[in-house]
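Just so it is clear, A, B, C and D label the chains in written order, and each chain counts residues from 1 on its own.
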């Protein structure tokens, strides 16, 4: 009898890409919970819709490419993209916005480049940016966090949510400026005054009501992923460090032109979501340890630069996409020193 | 406690060692047939020295090493050689190879072995020969002949000897058990190897900390010796030679070099044990300790098994449930290879036979796309970027693969082990490595083919050119020969002076010399004789006429007839006188032409020679340049060029010599000319003498009788023949290429001489 | 005639400057936000292409190799200036909208490319036709991209055609998705141009591969290895 | 003078352009002569990539002439011994798209071959020796000939001249030493989508089985 012939190693560490992705999905749960707690069921509807659309587009395109749909859907990568896109979009976004975003994320940014592993740009971020530059109005209408709601107002119920999402029935007096918007629009107040006078800040503790808790929840999820060794600490820590460093450099004690404290930057907007769920996307980031440090640090720097001097209040997506461009270049110059070789990259022709 | 270093990467697969290291090394009953492959090591296969039907004793040499990197093979037991044929061997390809098949007779009859109580009394070369002769090759898996490593180049001072007792692969416990049971012999072996390597300052035994019993026995055995036991944390692949070196010394072996280049030699503990047995007891390597493990077996343990035992036999002895095993692995689960047939034999490198159940080692799920998670890069002990290598291997970008140091990959499998997408990375690297090797070999071959093709083209062109040159040369030579002949005719006739070629000269000379076809001296003498006879006849006629007129004046008729005779005689005398006069005039004109020719000769050949010397000189310089270039470039035409230069040099030399001679001749010739002009001799030069001689000879010949002439001819012929023979002998001695021409010349001369002799006889 | 057929198919399809040679991407991406812009610039480019091809073909034997390119650029610049002046005179508003892209026709590599690759090697008539067909191919792609981007980006088609065809064309404008269409800004922005151009190239390639597959099915089998020569000279 | 220029913009433009043309023309002409490139190193580079079998299947007498022809614009897909690897390398060097092999010049052979002379049939005519482009055949008139396997490029030029047909082209045998691992089954990249349906179906089947 003949035995199967196969290359070593014959042992294999348990787990596969699907289980890695599942862990990532699991790690977003605290963030989702906190988002829902502060902004109502919009986030959940977002997730539901993006998941639906992303899986549908993925399956359709796999069918077009004559691939086995079940096998590829089982890697959960489309679902991760869906979750990240949903978390980045403002809750209560209209359904067609979500559909368009999913289309660009899955079809244009992922499948057209060859599917999982071959996409040079983070699909969720591509979807997000296409929406951001095409539909600025919808994309900037973030709901107000629950602590900042005026008296008597409360979070929309599930019916109101669905009406808003599918029928465009607006929910009255519900949108509000995010802390990043407030800081960007701040012209004359000292930071301390801003904190004292604005409900978005004075209802919160460090960096604006609701947002700080959302970010802390994502930080928790990120620490869980680090513990699970889904990724290494290099890229997120470098990103947070460079963001904090730049914020500290330009803080200037809180004058009216101040760009906000490091703590503010760490805990507002999409910082923690970006640091632990987007910067760490292995497909589109640098691969070596040094490369990841550089990649993360530059993402952090770009986030700060765009937030403070750019046209958009938050900058995670732009910073990540810009660095996606640079990732192969960083890889090229950060090749680690191979065992038994004198120096790192030896032939840089 | 010695400081140990950490290596980059590494993985921690489940160790799975306890199921086989719980009992002592056992032995099993002898198989019905032992199959001993001729290639059990890295390097050239050995050649069988027994034939089918031979009875061999245990430990008898049955195959000899071929070349330096090779190892001999010995009979594992006593028995009969039943076949030498192709059998499946333990190789990932599943191919067959030449094996010696032995049928044991069960007597275990040892060949006479040569024990040695004190190896220190032996020469090192003798010890090395013993180790080499025992057929010991690395027992850890690679199988590099041990004696080669133990004989470093003289310029490499070995400072550290490391015994590898790491055994980092899961499942394998053969070295562990060996160290537990034979610690003293291993230590003795370590000291023996150290002695061979001029006692390195450090003798280390590296053991992972998951073998506490082995560590304890080894430490006990190593007490009061120079051997140090180094214990370090368990991590795969610490047992890789390069990794072990880094762990225990902190040094890295330069890429592409051997450990000996940084003064380190690593040997497996099993090799040290075998070396000790070989030197101390004279036992060749005929058995080894092998781990037999896997959930498809009822019994899992270590056994000492004769080399050549078919795996099937071993497995059956351990209660193998074949239907529950999906694959058979030789070696551990990380680097071991699968075999297709259970009939393959145990060889020197077989440290483990793993027969896992389907649940134990499940089949690999299909590969998912690489998501560049970087886990492989974290696990790689060589600090490579496996995901990049995979990417380039997939796109067959060999340039990039090289750039990313593919050849520093040790194929440990850590990257594949951790890959969440189940990509068979190691297979990609192995395939790419072989592909690159093939491409390199093809490149070398194509370069060689290009050189050969171009050399062939050049050779054919040169042959064509030579043919053409020869044809032209023949044509020129023919013309020159004609000219030469003409000139010789022109010049040798009247004066016999040697001259060189010159076409107008030859024309003029030939026309001028035409009337002098006959020997002028003879002619002159003839004419003079004719004149004198005519004169005497006239005198007689006049005398008889006067007598007649005085004695018989009336006899008018008679007188008239006498007068007529007289008149006739007078006419004849006139005629003769005229002839003589005209001949003398002609003679004068010939002499005049000769002078002119001589004058011309003095200038023109000289110039010609000068010119030819110059041109040859030029050609020589260019030829020399070309030769230098060719030598620098190392082209294959160098030899031909060199010959050409030598030939040109020769030509130049002869031309120069000719020039010098011609110059000398010119001066003499001009002297001759003046002498001739000023009517006759003052100081006689060589040319003059020659001319005189020729004249004298001509005169003498003219005066000579036929017989004398013939005799003279005969002697001259004889002297020419002797000269020709001398030349022939010389040519033969020198193996000259004109030898045939000489021989023919001699033959012709001999014929001529014979003719002349006959001629002389006839006349006499 | 087959030569002209070849020229026509090259210009319009096989060797289309925009989809195959990927020349003149700068105007292609910049001005195809609407059909009218695309048409305007496409016509201008075609005009320059025809003119420069004829002129280059005329002087092709008189220009030495070393000064070939400067001379061609000079010719193209002259025609571009003429076109610019014409547009200034007749379609001033469009001229203002297209702005810098009209003078930039000089640097459109499709034009210099045709001048160098075709007109400088062929006589006048083929050169003129080549210029016309290349210009036409370019124009078609421009208009196609313009139409797609305009319809997706702002939901209209043939908007502002009066800029090119006079007041009577004002009514040509079509609202595709009704008044409420929000406009998909990305399509009008440069990334949209890349996306649409990429899709068109993909479409062309897929059509080509289908055609090729069909052609391959009907192809006559070649005699394999029929073109061998001996490298070893005469074999006696 | 200046007035004339300002009043006659056409003339001044013409003069300016003419002057510029003259100056640049002169510079360019000078440069064209001064910096003329001698020789063509590209030929060498192409020749390096060709397999040097000297088989003539490309229609040129040897690899170097073909390299020269490629420089002069000949297609790069005429080399069957090199096959797609060589075409890809050439395409990479010349920065063009790699075409498929032109099968009019022959097919790419999967296995490498060497000539083998059945020695007892050889009559010693030396015709194959004259035909071999790389001098890989040993022998003399009326003596048996043999092929130096390591030097044979497998061009099969010796087969046809043989009057007794005693030359075979045999595949090179790779024993256990020449064995190598195969690449794993193709991965699922976009390029693999172009594989005809049957091939894709087989990989799908493998996946199913696995």
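By definition in this document, a residue touches a chain if its C-beta (ideal position, glycine included) is under 8 Å from a C-beta of that chain, and two chains touch if they have at least 3 such contacts.
Since the model is a prediction, treat every value here as computed from it, not as a measurement.
Distance from the centre of subunit C peaks at B, each centre being the average of the chain's Cα atoms. Looking at which of A-C and C-D shares more C-beta pairs in contact, the answer is the pair C-D. Here the spacing of subunit B and subunit C, counted between their Cα centres, is 64 Å. Subunit A and subunit C have Cα centroids lying 41 Å from one another. If you average the CA atoms of subunit C and of subunit D, the two centres end up 34 Å from each other. Separating the CA-averaged centres of subunit B and subunit D is a span of 31 Å.
Among the residues of subunit D, those touching two or more other chains are numbered 54, 62, 133, 181, 188-189, 207.
Residue positions of subunit B touching 2 or more other chains, listed in rising order: 92, 363-366, 369, 424, 427, 430, 453. Under the contact definition stated at the top, the residues of subunit A that touch 2 or more other chains are 7, 71, 115, 118. The part of subunit A that touches subunit C in the complex is made up of residues 100, 108, 130, 133-136.
Within the complex formed with subunit B, the residues of subunit A that make contact are 1-13, 15-20, 71, 75, 77, 115-118, 230-232, 282-283, 285, 287-289, 292, 331, 335-341, 346-347.
Residues 17, 21, 24-25, 28-29, 31-32, 54-62, 78, 80, 103-107, 127, 130-133, 155, 157, 161 of subunit D touch subunit C in their complex. Interface of subunit D with subunit B (complex): residues 47, 50-54, 62-64, 133-136, 150-151, 153, 175-176, 179-184, 187-189, 206-207, 210.
Those residues of subunit B that touch subunit D in the complex are listed here as 39, 89, 91-93, 95, 97, 363-367, 369, 393-394, 423-424, 427-428, 430-432, 434-435, 438, 442, 445-450, 452-453, 455-457.
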